[in-house]
Amino acid sequence: MTALMPDAAVEPTPRQRTWSAFRRNPLGVASAIVLLLLALVAVFAPLIAPFPEGYGADTSQPPSAAHWFGTDDIGQDVFAQVVWGTRVSMAVGVSASVLAIVIGLLIGISAAYFRRLDTPLGVLVDLSLSLPMLPLMILVAALAGPSVRTLAVVIALFSWPEVARVVRSQALSIVPMPFVSAAKVVGGSSLWIVRTHLLPGVIPVVGVSVVLTTSRAVLAEAGLSFLGLGDPNSWSWGTILHKAQQSGSLASAWWTTLFPSLAILLLVLSTTLLSVAYNDARNHRNDS
Amino acid sequence: MAPSPEPAASGPAAVLPASAPAGDVVLRATGLHKSYHGGMLSRGGAVRAVAGVDLELRAGETLGIVGESGCGKSTLARMLVGLERPDEGEVTFRGRPFFTRGGVPRDIRRRVQMVFQDPLTSLNPRMTIHDIVAEPLRVHRLSPNVRAMRERVGELLTLVGLSPDRMSRFPHEFSGGQRQRIGIARALATEPDVIVCDEPVSALDMSVQAQVVNLFAELQRTLGVALVFIAHDLAVVRHVSHRVGVMYLGRLAEVGPAAEVYGAPAHPYTMALLSAAPVPKPQLRGRSRIMLAGDPPSPVAPPPGCRFHTRCWKATERCAEVEPVLEAAGEHYAACHYAERG
Amino acid sequence: MRFIGLRLARGLLTLWFAVTVTFFLVRLLPGDPVLAVADPNMTEELRLKLLADFGLDKPLAAQYLDYLGQLLQGNLGMSFRQSIPVTTVLMERLPWTLILTISAMVVTIALGIPLGVLAATGAKGWLDRMIQLTGVTAQSLFVPSVGIFLMYVLGVWLGWFPIGGAVDLDATGFGATLSMLHHLVLPCLSLVLIQLGGYVLTMRTTLIDALGEDYVSLAKAKGVRPGKVVWKHALRNALLPTTTIAGLQLGTLVGGAVLTETIYAYPGIGRAVYEAVGQLDFPVLQGAFVLLAAAVVVANLITDVAYGILDPRVRTS
Amino acid sequence: MSEPPVLEIRDLHVTFSAHGREIPAVRGVDLTIERGQTLALLGESGSGKSVTAKAVMGLLDQPNVQVRSQVARLGGRDLLAMSADERRALRGSEMTLVFQDALSALNPVLSIGDQVGELFRVHRGMSRKEAKARSVEMLDLVGIPAAAKRIGDYPHQFSGGMRQRILVAMAVALEPDLIIADEPTTALDVTVQAQILELIDRLRRELGTAVLLITHDLGVAAEVSDRIAVMYAGRIVESGEVGELYDRPAHPYTGALLAAIPDLDSPASELRAIPGAPPSPASVPPGCSFAPRCDRATEVCVSTRPPLAPVTGSDRQAACHHSEEMLHGAIA
Amino acid sequence: PSVPGSAGGSGSDTGSGSQAPAGTDRLTIGTTADVVNYNPLVGNSRTDSWVTNLMYPHLTQMDEAGKRVPYLATEWSYSEDGKTATAKLRDDMKWSDGKQVTADDVVFSVTSVQKEKFGVVAGLITALDKAEAVSPTEVAFHLSRADGTFLDNVGFWLPIVPKHVFEKAPSVQKFANDANWVSAGPFKLTKVERGQRYIMERVDGFGPGQPAVKEIVFRVFPDVNTEVLALRNGEIDLIGNVLPPATATELKNDQQVKLQQIPSLGWAHLQYNTKRKPLDDVRVRQALAHAVDYEAIRAIALKGYAKSSNSSVLTPSLPAYTDPASKEYAFDPEQAKKLLAEAGVANLSVGMIYDQADPNIARWAPMVRDSAKKAGITIKLQGLERNTYLDKTAKRDFDIYAGSWAVMDNPPANLGLAFKTGGFINYAQVSDPKLDDLIDQAQRALTQEEAKAPIQEAARIIHDQVYDNVLYVETFNIAHSAKWTGFKPMPSELLSILNPLSLASAKPAS
């Protein structure tokens, strides 16, 4: 019978192509490095600075060699606060986005695959979008105590619809694919198809969602903390800003505002740029 | 090539496709109807994709289906494998209905397989060839362990002319023809009695098309599976089929032994189709052709009476009013009031 | 028509859902609204009287049915704390919210589309990178920090803009409009900054996709000028996802922008809701949520209509 | 020939760069089309047919594509010497393109009248009203029923055949010198395909336009073309007059293709398949690209690339070391 | 008797100030919240009081020292047995619709509060039996028991509302009073733009004396940072609310801005739930009291804008009552450890609730936690949203309560509410018969001198038993533009310089 095709120089797999395109994007690589650094700061916070607590004599000092980021109005080192804030902000960001993505995946895929569920789930999405975040936050904080975990849960509750929509539209493009029909013909159950075909298929877009929801969650955490709904027992960037706001020194003691704001900016910026770079790299049609 | 452990099928036709082997009826479709209601956006009216099709497929034979784009070939194919539930009518496999209360019984699922048109999109780009071909084995738990599964996948790949040592590659690393072979190997994995092929070669390069057509012919000869072979290329269908059905707007216009349908078409549409097909022989240029006027009507509002009458040069008033039914002349059926019986 | 009807039905369903959920949600809030109004020293008898006044004495289900009944008649009830109709409370704030958020949205779109186009047409060039970077940076800003910074620099230092507020007390007639715009600049700018990135990036990706389509090639093959190819042929197709974002935002706009309103002392509804939470003013909260849900529903409808205008495939079928 | 050919291309190269790799999609293509002539460019998927067409039209202006050629003339005008704007002015009026998939080639959000009329407005400076009137005429010409009424409709409201006709209408609207039709009927039914091919042929006869018909269907090429050029892996491997080429192919690839076609009249027991698959454009063997699949291949085929050279005793060119053998073998 | 504003006597000459720059005619005041309710009997938020206090007269006012001075009432006294209190009223005050302010209005106001039991006042007039208008200018309050705190309370706290307007409402409680105001204060509310500003105009011919400034505008700045910027930018002349200490430190050096300081009438404190184990043991409470670094809190969290009250509920703001013998608990972790050991408590771990929105407490709560750690005590911070905090407080659902009491202007009355069995702000759930007895005794006393001894004794018990752990008395900083002068601040955050007395004397600096 027919001869085998000569083994034409093996084309790179999509993953390799994405990776090589990604490496070519300086913004993307820089973002990844920044994120990595932030993650390291979060993990090794105890090695970098002592936990900011107690009070010091040098209150409201501008940045100096002793206090790189200055001190706040009770004399705590802002650098230490920012370093430890990295932990909580990133933890809230990551856990909220993971949670949002789990919910979003579940609902998005169900809506796309079980067409009958689409309308009810659509209503659910509309509903969640029309729900007020703040009172819900207060409610949950009251029932569960304002902890990092509560923040993550509440932020996730408000972030999943976005993920669900992205997942749904991606899943909708997979469901009519012949390989899904093929799996059905072969006898695969709904669960099988969802597990082996839909889930892996939506993972790449979820990858983008992860970073985006993380960055939104970080901002949301800062906002909620800023409004006084944060966890008083831990430092997050939003908490630092909240304390600065409460002491009325947002404008004058600029260092108490600037550095946590910069940290937020850095994290959100690098996550967003990373997702943009990843998206560009994945989009093989337009790369050069 | 190692023959697959397929249970003895009806004796392989020595040369194909001489005459249809007279096996049992494995697949029977009666009065199939399928309409699609568009999404919320559609302006009322359903697309009547398939509107009353009766078919029989006998063991070991190849039934070709031709017809123009949108006439319902794929919809029919999907109903024949139980991917789509007919609105009306029934598909039976060896006399047992496809759709029972709990969905399609697993053993019927195993026995009826499908090969898709586009070899790339019908293979999950994220799965290796091994995983793709092993999917039916996993689903039906046909392999006791991982090693047995690998062996079986290797066997299947060899059967379709692929080297088993490439089974950990991904689909995009293969050429179009090779991908289609992978699709065929997957369809063979459950040792089916019937394979429905929905335009299995349309997406292939002309230089590769012949390889796959040959493969189908050979598989049928050695394994004795019954094939439904859908295509819009008349020559390809002629080449592989024992019997041929011609579809127009959701209905069969004509069914019969390939030689008869091609040699002495009874339905004007078949005639038009045969005459419009371009022939790769420059010296035949300028032969007289039947040029049909206009475009095929919309399947949302098919014309009353005979569906073809709006483009038919033979049409009379009767055609516009009375819908012709498939009438037999021996093995050769045609749905036309003025069928030409040779 | 049937389509509109279906959307409407779905919208009403969402609305009812939202009303129901928020009704019970609000009542789960910690604290006793009666305590927030009267002296905690009150007698049990007075407490019951107050509860009855607020309609909080009945079982929840009855309260809920009452509320639905009133809602159907367009009655949102009376504020616990202010003893005036909720509608009045909300309507005092709504116009300001709309002025701020809608102007921000309009400016964002007006800037975002051309910037997205610039980025997409020079994809991967330095201008594209600049635009992306700027957009994303702006998007990552934390409103209160930016707000204070802007007010400090542009307000206190340079004295170009007023600090907070929505309009000058003494301005009348046309002067009032000018003053309003003057006050609008900074809060609007903050909102534009944080929203712009989303529009630019979406615009950029969808336009790059559209520019790769066959119909764009055909337009070029017809000899259409490159600028026109982008603006006439590609852009309209690329606008659809942008419409989706805008629609989503439109819905939430009515909810106000709490952080921005707080920092800029803008009399919007977001702030009022935040305060109502603090005051346990159930009817005001509830009314705000109804408004918000209604806005989301209406925004969905508007998005659908916009889709119809932009995309004839939707319009004509 | 006193008149210059409508299209003359010498040594066209198109190279894409992706992920730092060069993909030579077209590698030294020559094309000449005389007035009133139809040249069919045959070849399988990925052989570089569309890229050639786009390069001729000047549509490959993205940063990651390099296009070069020694000669590019349209009716005597040197395309290489022109400014981008001058070339743009030729597009749509002097040379036009019919795409394969009419649904994706028509802008979904603009009305048909708008899209057809655009040609008149861009190249003839007509007013909206004049352009509309001319558009109706053109749509009538290609057989759109009730054209005046449907001018405001959108692409999705037309059937596939009608859309393709609209593309044809746009292609002929300004009576160009050259129409390039890139697989104009692949997406269509045979009965409608016949109509469209007939239409293009009629317009060619009436207007004297030259047509470059791109197809992979040997049947279609045989039906309508005067000359054939066969592409394989970015090169033209054989070209010649249609009848001669089908009768006596001078390149083994052409021969194998013709042999692999199932014949309606005589269903053979087994088709003569060509082994293997076409090479990927990213990795081309140094010698003859077809050598790995060729049953005549010898050592020289593997090491040396045969140039496209005239075949003795005919008006033909072939790029094969063994073309003489081929012809003799066929005669014998 | 001195009359508010009468000293200025500048009323007539500012009237011609139409030529003067708007800045001198108008005083713009920043506030962080909107008016919630214009009904002075109901509204109890800060901005509510600021606005309504300028509209509705009270019987008396308070001066810098916390002493009552005349306002609507010119004289007031108790009968011999202390069961009748009378007040004589001015006859020259008119409602803005022209009607005279009479004793009927006073009777109506106090009776409404008594009947509908709303606002702060209801808790302060429990002794009232019946109020009676003896004549248009004289009111008699018949009391069920002798109560020496009554006149102080009712005089200072009760706003007098126009009977002929308020009586038309079916329930005074539900009367919104949100338009067509009929008022009798030095200013009348003319225009309201919710979320933005409240505009008040001077009442010409205001009986007790016409203010210098013609127009007062309250502008709403929800964020204090913006408010400060607005002050520095000259958009507002005065920040009504108390400045956070850190801001005050910064504004100290600003030439454009003047700071005025007033001690608070209230105090900030920790209370230990005496009904919870092991806090029911006085040694544990004392240990906790020794585990607080009072000095650090005052010096750092409050930037020194706080005084020690020597751990006594009789603060230095009311010098007439203070007990010089009282001594502050020393920050002494070792002592704390010892006390705990005595009590047999190891690894003490308790929660502490506070309102996260209170900037000062949010500052020092972690300091309390950190200093307690030195004594081996674990304090878990529960910084709560305000309503949750209030709810937990009302339900006495806490181990340690951290908070502050704003205005404690009358020790016998206040200690009654705070420490008598069942008192409504008795958060610590103190139930000490001896204490109850002493407080009753002080309340019955008709003069300060008489009340002093029992109240000091009560305060000593509170100190020793640690029923309350007073951390400090804040020194309020009020910032205003240097362009203005003449404010007369009051020792209350609620009123500070936003009261008729103070505003009436405010005038441009030049």
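Things worth noting here:
Think of it as A, B, C, D and E in the order they're written, each chain with its own count starting at 1.
Note that in this section a contact is a pair of C-beta atoms (placed from the backbone, for glycine too) under 8 Å apart; a residue touches a chain by one contact, two chains touch by 3 or more.
These numbers were taken from a predicted model, which means no experiment stands behind them.
Contact with chain A and chain D alike is made by B, C.
Relative to the C-alpha centre of chain D, the farthest chain centre belongs to E.
In terms of their C-alpha centroids, the spacing between chain D and chain E amounts to 91 Å. Remark: chain A and chain E have CA centroids separated by 46 Å (rounded to whole angstrom). Separating the CA-averaged centres of chain C and chain D is a span of 53 Å.
Averaged C-alpha coordinates put the centre of chain A at 23 Å from the centre of chain C.
Residue positions 63, 273, 275, 277 of chain D each touch two or more of the other chains. Within chain B, contacts with two or more other chains are made by residues 175, 177-178, 211, 214. In chain A, the positions touching at least two other chains are 2, 4-5, 11, 138, 142, 245, 250-251, 288. Residues 27, 119, 122-123, 126-127, 129-132, 134-136, 138-139, 142-143, 215, 219, 222-223, 226-227, 241, 245, 250-251, 257-258, 261, 264-265, 267-269, 272-273, 276, 279, 283, 285-286, 288 of chain A are the ones that touch chain C when the two sit in their complex. Chain A makes touch with chain B in their complex at residues 1-2, 4-5, 10-11, 13-14, 177-179, 181-189, 192, 196-197, 200-201. Chain E contributes residues 22, 33-34, 36-37, 39, 42, 116-120, 122-123, 171, 173-176, 178, 193-197, 199, 217, 219-223, 225-227, 229-230, 232-233, 235, 385-388, 390-391, 394, 417, 424-425 to its touches with chain C in the complex. Chain B contributes residues 1, 78, 81-83, 106, 109-110, 112-114, 116-118, 121-127, 135-136, 139-140, 161-163, 170, 172-175, 177-178, 183, 186, 189-190, 211, 214-215, 218 to its touches with chain A in the complex.
For chain D in complex with chain B, the touching residues are 44-45, 159-162, 187-195, 197-198, 216-223, 242-243, 246, 253, 256-258, 260-264, 267-275, 277-278, 293.
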